[in-house]
Every structure is written in C-alpha cells, then in structure tokens.
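Residue numbering begins at 1 within each chain, and the chains themselves are lettered A, B, C, D and E in the order written.
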Amino acid sequence: MKITKSLVIIILLIAAALLPVVTEAYFISVAITILTFMTLSISWDMMLRTGQLSFGTAGFFGLGGYTGIIAVADFGVDPLVGIILGGLLAGGVSLLLGMAILRLRGLYFAITTMALASVFMVVIRNLNKLTGGPSGKIVYTTLFNYDSVKVYWLMLGITVGTIVVSEVFQRTRVHFAIDSIRADETVAKSHGVNIYKYLIFVFVVTSIIQGVIGSTYALQYGFVYPESSFSAHYLLLPIAMALVGGIYSTIGPVLGAIILGLSSEYLKLIMPYGHLIFYGVIIVVVVLFLPNGVYGAIKDVTGFRKRRLEER
Amino acid sequence: MLEVKNLFVSYGRIQVITDFSFNVGAEAVGLFGPNGAGKTTLINSIIGLVKPRSGEILFEGESLLPYETHSIVRKGISVVPQDGELFPIMTVLENLKIGASYIKEARDKVNERLEFVFGIFPVLKERAYQLAGTMSGGQQRMLAVGRSLMAVPRLLILDEPSVGLQPTLVTELFEKLSMIKSEGVSMILSEQNVRQGLKVIDRGYVIENGTLAIESTADDLMHNEHVKRSYLGL
Amino acid sequence: MSILKLDKVTKRFGGLVAVDNVSMEIQQGEILGLIGPNGAGKTTLTNLISGVHMVSEGKIIFDGIDITFLPAHKRCNLGIARTFQIARPLKNLTVVENIMVGGLFGNGEKLKESKKSALRLCETIGLEEPDQTLDKITVLDIKKIEIARAMATKPKILFLDEVMSGLNMDETREMIDTVRKIRGTGVTICIIEHVMSVIREITERVIVLDRGTILAEGPYSEVSQQHNVITAYLGEDA
Amino acid sequence: ATPIKIGAVVPLGDITGDQSAKAMKLAIDEINAAGGLLGRPLELIVVDSELKPEKGAAAIEKLATVDKVDFFVGGMASSVHLAQIPVMKRYQKITIWSGAASYLCENAVGPDADWYFHLHPWDYQQGASYGLGWTELAEAYPDIEIEKIFLAYEEGGFGSASHESYLVLQSQANQGEGAWAAVMGDYMGVSFKSAALGGGDYRAMLQQAKAYDPDLFVWAGYDADALPMLQQAKEIGFAPKFFVGAPPGWPAHFGDSPLAEAVTLYGMWAPTINKVSPTAEHFWNAYIEKYNEEPATYFAPLGYTNIYFLAEGIKAAGTLDKAELIKALEEVEYASPIGEVLKMSPSNVIKHQGFTGQKILQWQGGEQQVIWPLNLKTAEPIYPFPSWEGR
Amino acid sequence: MESISFLRKHRNLFLLIAVIIVVAIWKPHAAIYGLQRGSLYSLVGLPLSLTLGVVGIMNLAHGDFLSLGIYFVYLFATNLGMDPLVSIIPVFFLLFGLGVVIYKLTITRVMKSGHLNQLLLTFGISMIVLEAMNLIWTSRPRSVYVEYSSSSTTIAGVRFGTYELLYVVFAFAVLIALQLFLKKTRLGQATFAVGQNPQGAKIVGINTGFVYLFVFGISIAILGIAAGVMVPRFAIFPSVGSAFTMKSFCLVAMAGLGNLPGILVSGIVLGVGEAIVQSIPGYAGWSDIVFFGVLIAVIMIRSLRRQSL
C-alpha cells in the first residue's frame, strides 16, 4: 500500500516536471497560473486548519510582489533573491501583525486580515517614490528573462515545497496542535498546547508562502500594480479552490486548483461571453452536491466501499 | 396517548433502534438502559429530530412522522433534551419565556408557569437576568427542565433531567414531577438515577442495545434482579 | 505535604462573586471530594486552578510555584490536569488522537510515544475502538476520553468535574475503579460529583462549597452529618 | 487558401473590449467579403483577458502556440498589458495594440521592439495634446480665457497617471515651455475615489475645486463617475467655465440628461465625426447594421482601425514577411474612422506610435460635437459653462 | 437613576452625536457628507447584520443583490416612468421573492454545513448574478435622472445637499423597524433563538426553516430600499454594489455580531472619518486608511475589553 502510494507520487512528480517537454507554452502558462493559485489555496487552508479564517492572502501576496520588484528594481538583486526577500518581508510583517491580531477570532479575525490587506494596498499606493504609487512599477529583468519553462519549474518547486510543508503539518505534532485549537481552544490550552505560539507559527509560515508566491508572480511578469497585485481574486479564488477541492487537507486545494483552474480556462475558450456564469454555476453545484468538496466526496465513496468490502 | 410501533432507527448504516414498540397513556413511563442503548435516539425520533427508517409513531391516534419538530412540539409534546439546547446569550428569563412563546396553549399562561418553575428552582428567579450560557452546569440543567415546563405540555419527555443537580434538588424535582403527573400530564422519563425515577413512573422499559429488554410496572422493576444489580446498585 | 494551595482566592463575574475568598490546600496523594450546591463555584474553582479563568484576587501555589498568573498550557505542563463538566471532545480527531493531544503537549512526548501511551490509556480505561471518529460515540466513552486525555498529560493532580453524572450503576462502579487505579499511580485527585454514593465511597476528605465559600471540610462521614451541609446541599434522605 | 490568422486579446466583459472585438470582426468580414488579402482570407481569434494580468498573458501564449496566429491585436487596460509584454517579446510577432495608455508599458516594451505598433496615445501625449487644443481654442475664441487648471483624478492607476503628467506639464509651463505654456498659469490636482471602485462621493473634492475657482475643471475617472459628479457639482453650486471629463467611455444615454449640456470631454472619437469623415460614417452604419447597437466607446472605431491598419500594411507589403511588413506598416497612412489619418511616428521610447492626441468634444443637444481640432470641428463651443439654474 | 442607565445604555449614540457636533463646527461639510455616506453604508450593512450577525448566514453576494435591486429600480423607471423612490415598494417585494427563491433553491441546503460552504455558495451566486447583469446590461453605466436628486439648501451659511439626507432617514427607519421586529414580534424573538441554537429553537416550537427563509428574504428585500434611494444619485452598472459587500462585512465586524444599532454608529463613524480625511487637501488618497484603521482599532479594543472580563 505504502509503496504504491509513493510510486504514484513519484510518477506524478516526474509527469509534472516533464510537462514542458510535451506541451505548448500556453499550457505551461496556464499551469503556472494554476500552481500559483494552488499554493495560495494550500496556504490558506493551512491557516484554516487552526480554525482561523484568513482574508489576508491577497495582502501578503501583494506585499511579496512589491518587495520582489522593489528589491530587483532599486537594489539590483537577482530576481531569485527578490523572491526570497518577498517571502521574508511577508513573514516579518505577519509576525508583527500576528502578535496583535491573532487574539481575534472568527469573523473579527477574518475582517481584520482583510482590512490589513487593504491598508497594505493604500500605503503602497501612496508611497509613490518607492512603489511607483498608483501607476505601479516595472522591472526590466524578469525572472529567468521570461523563460516560461524555467519559471514553471521554479513554480513547481515552490508548490512541491508548499505541499511538503503542508503534509509535514498534517503528520507531525503541529497537526494535533492546530486541530485541537480549531476544535476547542480551552481544551487545547488545558492540555498543554501553547495556542498563541502555534497560531503565530502557522500564520507566519503561510504568509511566507504567500509572499514568495506573490514575488514570483510579480517578477515573472516584471511589474506590480496596486489594483492587480492586491486584487481580491488572489483571495477569493484560492478560497473557492480549497473549498471545492475539500478543506483541511493538502490534496483538496490541489484538486480544487486544478479543477477550477482548468475549467475556467476551458470555459473561456468554448464560450467567450458569459463563461463566468458557468464558472459560478460549477461552484454552486459543487457546494450543493459535494458539501465536503471533491476530495471529501472521494474519501466518502472509497471509505464506503472499503467498509462494504470489509463487511462482506 | 403516544404509541410507538415497531420502530427501526439507524444512523447511516448503523442500526440503533431495532423493532421497538412502546406506549404511554395517562401515566409516567420510564426508559432505562445503559449508555448508548438508544434512549435519546428514541426520544429524538418521537419529536422528529431523527427520521426513523420504519415503524410508526402515533400521538393521540395521529401519526407524527410527517411532521417537523416544531409542529410536533406545538401539538403538546415538550422535551428536556439531554444536552439542554439552551439559548446561551439570552437571559434565563428569556429562555423560560421562549419555552411558552411558540405554543398557543402556553402563551397566555406565561406568568403562571413562571411562578411554577421558579417554585421548583428558586435560583432561576434569583438569576433571571443572567445569561444562560454563564450559568453553572446544574443551573443550566434546571433551566432546561424549567423551559420544558413552560410549554404546558400534555406529554412531557425528559431525557436525564436530574444529571448534575444537587441532591436536594433531585428529590424536589421528582416530587414535582409526580405532582405534574397527577395533574394529568403524561410523561416519558429517561433516567440513570433509577432509584428516584422509579418513584415517579408507573411503568418502565429497560432498553438495551436498541431493543426492549424488560417491560414492567415500577414495582416489578424495583424487584427485578437485573435492574437491581445494574441500575440500582444493590 | 500540600501539593496545591489556594490563598484567599476570589473570582468575580461582573457583580457576581462566584468564588469568595477561598483558602484551601490539597494534600499530595489524596482523593479530595469537592461538593456543594449547584452554582457553588466548584467548576469555577477548577477553571481558576487550571488557568481557564484568571483569579480576580488571591494566589494559587502549585508544588511550591506561584502559578497565579501562568497561562493554562504552562500549568498543564507543571502537572495540573482536568476534565470538563460538559464534556468537550475534540470532534475532528479520533478517540486515540484526542488522547494523544494530552501526551504530545502536556507531557512533551514524541508522536510515536504519545500514540503508544494513548493506546495504553485506551486499554486501561476501557475505550475499545481507539480509531473511531467521534460522530457516533456514547456519553460514557466521551467521559472516558475526557479522563484519558487528561491522564495522558501525566499530571500530578487531576480534577474530575462530574465525570460520573449520567452513568448507571454498572458504569459508575467501573469508573470508580478507574479513579482508584489512577490514584494508585500516585496522582492526587480532586473529584467533583453530585452522586453522593461515589463521594462516600472514594474520597478521603471533602470540602463543601456554598455560594463561593467553604461551608465545611472533613471526611465525608462527618461532613454529611453537619446540619448546615444537610440543609444547603444533601437534603434529609441522603 | 489557408487564412491569415489574427489573434486578439480584449476584456470581453467590459464594453470597451466587447465593442472593439465586434468592430474587429466587422473589419475582418468586410475585408474577406472583398476577397481577403494576398488571396487568403483573414481569421480573427478573440480571447478574453478578463481584465486579469495572468489571463491576458496566457491568452497571448495560447494565440501564439495553440492557434499559431500571425499577428497580435487588441488591448485595453495597462495592467493587463504589462503582463503581456514579456510574452510578446518572446514571440516578437507583429503586434498592433490599441489599448493601454500608461507610459510604463512603453518603457517595458523598450526602444528595440520594431514589431510593436501602438495606436492609443500614451498618457503624456494625451496631456500634451490637450494643451495644444486649449491653446488653439483660446486663440480662436478671444473670450475664452484659460489660466487656472484643476484636475480631479481618480486615485487608481488611470487617474493618477494623468495627475503625474499634468505635474510635469506644469513645471514645463512654468518655464514657458511645452504645450501648456500659454494656458497653464496655475495647477491643482485632487484625487477622488471612483464610483467604479466603490467610491462615488466627490463633494469633498468639488468643494476644493469650487474654492480654487478654476477656468478649466478636468476630471480623469471612469464613465460611472460622469453623472454623479455633475449632480454633486450642481448640489454644491460649482460651475466652472469649462467642465471637462476624460473617461475612457461615457454612460449610456448620457446625452439625454439635462446635466450633460455643455459638458466638455476628451475623446478620440464621437459619432458626430460621421459628418466630417466618410470612413467614420461607413463604420458607424456598418456596425449598427451588423450588431444592431450603436458604437458606444472609441474602442470600437479603434478596433476597426486596428485591423484595417494591419490590412493596409499587408496589402502594401504584398507579403507576410516580417521585415518587409514592418517597413510597409511604417509607411501606411490610413484615414481612420477616428477622424484623422493614422501614421506611425516615434514616441518617447518606441518607434511606432500611432495616434498622439485626443480630441476636445462637447456635449451639445445630447450629442458629442467636436470643437477641436479645429479642422474637424462640428460645432462651436459653448462658453462659459451655463449655470445650473433651471436644469 | 432611570435616566443614568438610559444614558449608559446609549452611551455610544451620545458619543457619536457629540463627535458629529464637534466635527460640524470644525468642518461642517465633512460632518454632513460623512453623516450621509455613513448612513448609506449602514443602510446597506443593516440587512447583512441581520443575516450574518443574528441568524448566522454568510452571504458574499450581498452587494450583488443590491446591484440587482438597483437594476430593478432602473427598469421600473425607464419602462414605466416610475419614480425611483416609489419603485422601492415593488422592488422590495420583487427582491423578497427572489431572496426566498434563492434561499429555497440553494442556501437552505448548506445551512447545516457551516459558514464556509455558505461562503463558497454565495461566492458562486455572486459570480452568476454579477455576470448575468453584465451580459444583460453590459458594463456601461446607466442612470435615472430625477430633478430633486441634487437639490440643496443653505443653513447658517453652509450650503449642502438635501437629497442624501434621505439616506439618514431611511437608515434610521430601517434600523427602528428591524429593532421593533426583533424585539417586539414573536418571529423576531425566534430569529435570535434560531441564531443561537437552531436545534433548541425547533424544540421550543419554532419553525426554523421559515425563520431562515423570512430573514434571508427580508434582508435581500431591504437592499431594495437601499437601491431605490441610491438610484437617483448613483451610476448604475453591474459591480456598483460589489464594494458594499466588503463595507458591510466591515460594519458587522466593527459593530459586533448581532448589534444592529452598532451598525448605524459604526457606519456614521467611518463615514465621517473618511469625509474628514477627504476634506484635507492632498490627503484624500489616505481616506481608506482611516476607514480600515478605525475598523481595526475598534475590533482590537473590543477584543481586549472582552478578554479582560
């Protein structure tokens, strides 16, 4: 069982790595976009596992993007370094902010993170000198000079890294800490869980991921622009993907990102007008008929089958 | 008054109640059994919170199965759920009043009923303006019982009402239940405190593993060896 | 030797004084019964000691350390464990995982160790299906999980808040055995219960709380004869 | 014969992208009806950018690798275009772009991209062209006096870019240089939040404008701001001598509003140009006949121009060979439905910039009349802006 | 004694009035504009507070239903020549019906599966509604002109618009109506009960399905009122309401879940705050910071106060 599982994973990885060899640049760029949203989606889900609904994804994504661009444009660092800096800055900011706002819960945490993301945007829009202000900022050295295959491999690496982190979180004591926090904080702390520490830890880790993805995205195209770098769709789509795929898991967001990412692209091609309506319909249908998401449904079915087999 | 015939209830594919029949007339009926036997499930089926797989539940000759919980409750069946189901950020008084608000027969007897409930549990009057969610465990239990009494039911279903009550109150509660019964209210009482429960009920059913184990009068149960050993601790 | 000492502890909720200037000690290794009318402040006291609530006034000393201002998780690490009156199972974890939480964070165990010790606890306490999820679990098993999870933290003192309420006689007897076993491992136990047969059977000493203050203290056989305890709490026929 | 493939990327959900795609299709159909080019038919493949940068970039990739188009056309928002530029640079196909006004795009394209043709004026060019316009108007009509300029700009990228270019123009004007030298004695810029982005309360800004008492009040925002701003100006009693709007499009039935009369606007095109340009008139009629709706934004004639410009180049080159076609396109002079002749010339950075200015129009009797350039004039300007009484 | 407790109970309200008076002396226009816009935020936020705060339905399509209502008003105005304010009546019922239908078809099925599924569902609905409007009416703004919408008056030398005072009137009217409904009617009480414990509500005889249905329907319907007053002053385009979704969520968080009067107070505080910043030359771009800054500050302070209890 274990061997087949790891075999499947290895095959999938190789297939993913070889994708550029077999497909057109178009699919690679679609794949890059899917991976971008996949990582955002996984990172959002990782935070959700603590019971905290974060609406700050787009904020750290944008922050990372600006850091990357500014580092490259004004300090002349290599774009790869810019990516790391993007992650670090997002992590640092999230550490400072997290210490304050991780005392909030539920809707209050969600709205505060969203408000902070908006604050980032307004501040950046008004710091014309550094950030280019409302009209954005460009760099002339893009990531790998816009060699999309290399960008794809980098993105794949980041995604695999994120998946690994997420899985590590699912298999170590972190899992028990955050799942117990989500279920009942009073119980968790009464049994020795340092709630605050774990919340901050997860918040920072996920923010770093979002920052890294943001700077990768920005440096890939070589520009940042307040309205698009902080756009709500870096918040809403990852959430939708995680929920469609199935929350509280790594594979759920992965599946969700693939399903929604491909279907949005495909729908657009077969129906130029109104494709977003059908995109919405897909989402509605998934919620109504697969309330636990696609992965949840698969689990239910296979679990059911397994049990049936056992009963026989 | 209430008739349950050949009831089967399952959660998913796990059968919890198997071919269970029982009836309640103008009397108090006890339901006893170990944890997980299916008492709560049975009660939830009667008030429509759980849909049975098959069988029949008749209240005054009418089937309850097509109705939703709120309609069943409005027919004069009131319940003290096992876990209280209070409204945590309403005051004690509001919780009590709401027990009567949605039942026509009870609506204009609110003050009278309040006095009655306060009579049994004076602490509820003392704490009328405290939020229900901040009451102690036992106080919340009192409130749950009190709320069900507000409804002026014709059939009162109590799922372990005495859990967590201080000894003096347990005695008092069962005395009051006897009194309520004598006023013509039918009663189903699920209890682990069998000794006290037997003082109230006329007949009792012992349910084990979702099926009927023993059915007999209170007196006989008192002397049943099995009941003595497992439930009375003799 | 006292393991826990409360010094003039008071807890106020708004205008309501739930615990009023209580001073008491719990001796190493004893089984103490904490009884008293509903709303007397028993659960609140447990919450204050375990750090779920913070005292309004007073001091709490555990094992020679002033823990008055320590957060709950640190108190747990020092060896204070408790169950919850209204049981609070972690619904998104399985039975054994619930218990592992205690071992992992309360006792600093590694993942594998904690699983092993959790399984052992399951066996000791009689939880037959450790890998079961909690959506279809009985009240008895939930109570067992509460105890096992607390025990997994390897406490020096364990507070049991009405773990026997709602159990029938068979089950209660089983539970009493479990408590005795636990105490056999050297854990100090403070048990809150309204079922007097339990208190009578296993406690060595009881403290009666009423309206936030201590009403009486001593062996149950003595306390239960006291007039004030009878009127406030026990009633005539107990 | 295999068709010549043209790939277009526009935001179909937006009226600009929608209508420009339709106008392109109209042009393609016309050319095909006339026998195509080089004996081959034209084929238009449109991909929606959804106004999202990564989608816009992927669309270019798709056109290049899946559809294997010969040319890229289209465009609207600068933010989307910025993401497309690196992709375009990789393929270096001949690109005729009709959107994006931000100079950042020009910088990103760089001076070496000889395959890149840009039709829409850059933001700084627009600013300069208005200066020229006002100067000429002030000369032509002695009673028009322009000295104090107030710019209300939406706080996003689009509006702020205008403000920045006005600041540059002002510093030039202060030294007696640049297009605004004669008409910009003083300048003030105040931002507002566009209704399109959740704003819509302009009164704080209008109060400042009223206190400033400008000769020329210009707002740079979106179509959604047009009427509410007039209403609020009326509410506070603010009637500058010229009330000028510079959105990329105007609301439906704007002209029917009593508040619209004598509102001046910057635009590349207006239906009244039909009166002075036969191409415009032809385009207008053909578009209405085909789609049963009126062109509502200048992106419609711009899209039409986009295709015809390319077609003229191919016709002149007689080949699709890149180098020759580029040379031919450099020479094309196309009398576009915008009203003027399109001819490439260098701008600040790139070699091939098409239009360099917009027009000054005025709402009169529910129609947009051209008041500048004077040679395309369709009506006399109403000056000063009439008071709000009785509207 | 009575009056003191009255003062304390409405402490926030009096504080608010005091602040407005101070601002009115300092910057009269900021006070008026802030009051007007803030009331509009509140008017749109109130129904969300009802659905999210009281019964716990997460609705991300809130603003899109507002847009839809605005288009309905537009249709009545252009096709039947109905005055926007009059069309509030039919639009109210239309939206109520629509809310009921949408609830029955979709939301009722996710009531049990929690906030996150509601979030995803309504995100999908929002997308459908928004794109449908875009297909039908295009992204091009439309408008309905009524003469009175830019009327103004001068008091004590300050000239200000009178139309937007309707926002204030309607916000207060809706708040009072909702409060009366919640406090004085049995259905209103049931709403609170359902929000706190749906199972418990059933047990006391409350038809929880109906309560959800009614509350959702009424909250969408109230958006029709907002739509009616907004139309004379707003450009009509598909995403006109979208921005209000976020603002409304912010208000609910700032006021605290279930606190309806708090919505009005919060809305006006944020509106006045914004207006003050906008009136300072050169700083208009920072007004969002004030909005979010005040929001975050209030949420943080409230959470600290709660913890120290």
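We adopt the following convention: a contact is a pair of C-beta atoms (placed from the backbone, for glycine too) under 8 Å apart; a residue touches a chain by one contact, two chains touch by 3 or more.
Please read all numbers here as calculations on a predicted model, not as lab measurements.
**Q** Keeping to the contact definition above, tell me which chains border both subunit C and subunit E.
**A** Shared contacts of subunit C and subunit E: A, B.
**Q** Kindly list the shared contact partners of subunit D and subunit E, in label order.
**A** Chains that touch both subunit D and subunit E, as defined above, are A.
**Q** Please give the groups of chains connected via touching, computed with subunit A left out.
**A** Subunit A out, touching clusters collapse to one piece.
**Q** What's the farthest chain from subunit E if centres are computed as the mean of the Cα atoms?
**A** C
**Q** Please name the chain that ends up farthest from subunit A once chain centres are defined by their CA atoms averaged.
**A** Between subunit A and the rest, the longest centre separation is with B.
**Q** B-C versus B-E: which has more C-beta pairs touching?
**A** B-C
**Q** Using the average of all C-alpha atoms in each chain as its centre, how far is it in Å between subunit B and subunit C?
**A** Computed value for the inter-centroid distance: 29 Å.
**Q** Starting from the mean Cα coordinates of subunit A and subunit E, work out the distance between those two points in Å.
**A** That pair's centroid distance is 31 Å.
**Q** Measuring from the mean C-alpha position of subunit C to the mean C-alpha position of subunit D, what distance in angstrom results?
**A** 75
**Q** Using mean C-alpha positions as chain centres, tell me how far subunit A is from subunit C in Å, no decimals.
**A** A distance of 43 Å separates the two centres.
**Q** Among the residues of subunit E, which are close enough to touch at least two other chains?
**A** Only 131, 246, 285, 288 qualify.
**Q** Residues touching two or more other chains, restricted to subunit D: which are they?
**A** 13, 155, 197
**Q** Give me the residues of subunit C that touch two or more other chains.
**A** 13
**Q** Between which chains is there touch?
**A** A-C, A-D, A-E, B-C, B-E, D-E
**Q** Quick check: in the complex, which residue numbers of subunit D touch subunit E?
**A** 13-15, 18, 155, 190-193, 195-201, 203-205, 207-208, 223-228, 231-232, 234-237, 249, 251-254, 256-259, 296, 388
**Q** Quick check on the complex: what are the subunit C residues that touch subunit B?
**A** Where subunit C meets subunit B, its residues are 13, 16, 36-40, 42-44, 85-86, 136, 138-141, 162, 165-173, 194, 196-197, 232-235, 237-238.
**Q** Under the stated contact criterion, what part of subunit D meets subunit A in this complex?
**A** So the residues of subunit D in touch with subunit A come to 12-13, 46-48, 50, 52-55, 57-58, 61-62, 64-66, 78-80, 82-83, 85-87, 89-90, 102, 104, 107-108, 110, 155-157, 159-161, 164, 197.
**Q** Can you list the residues on subunit A that touch subunit D in the complex?
**A** It comes out as residues 24-26, 28-30, 32-33, 36, 125, 132-138, 140, 142, 146, 148, 217, 220-223, 225-228, 231, 233, 265, 268-269, 272-273, 275-276.
**Q** Please give the residue numbers of subunit E that touch subunit A in the complex, ascending.
**A** That would be residues 52, 106, 109-110, 113, 115-117, 119-121, 123-128, 130-132, 135, 246, 249-250, 252-253, 257, 285-286, 288-289, 292-293, 295-296, 299-300, 302-304, 307 of subunit E.
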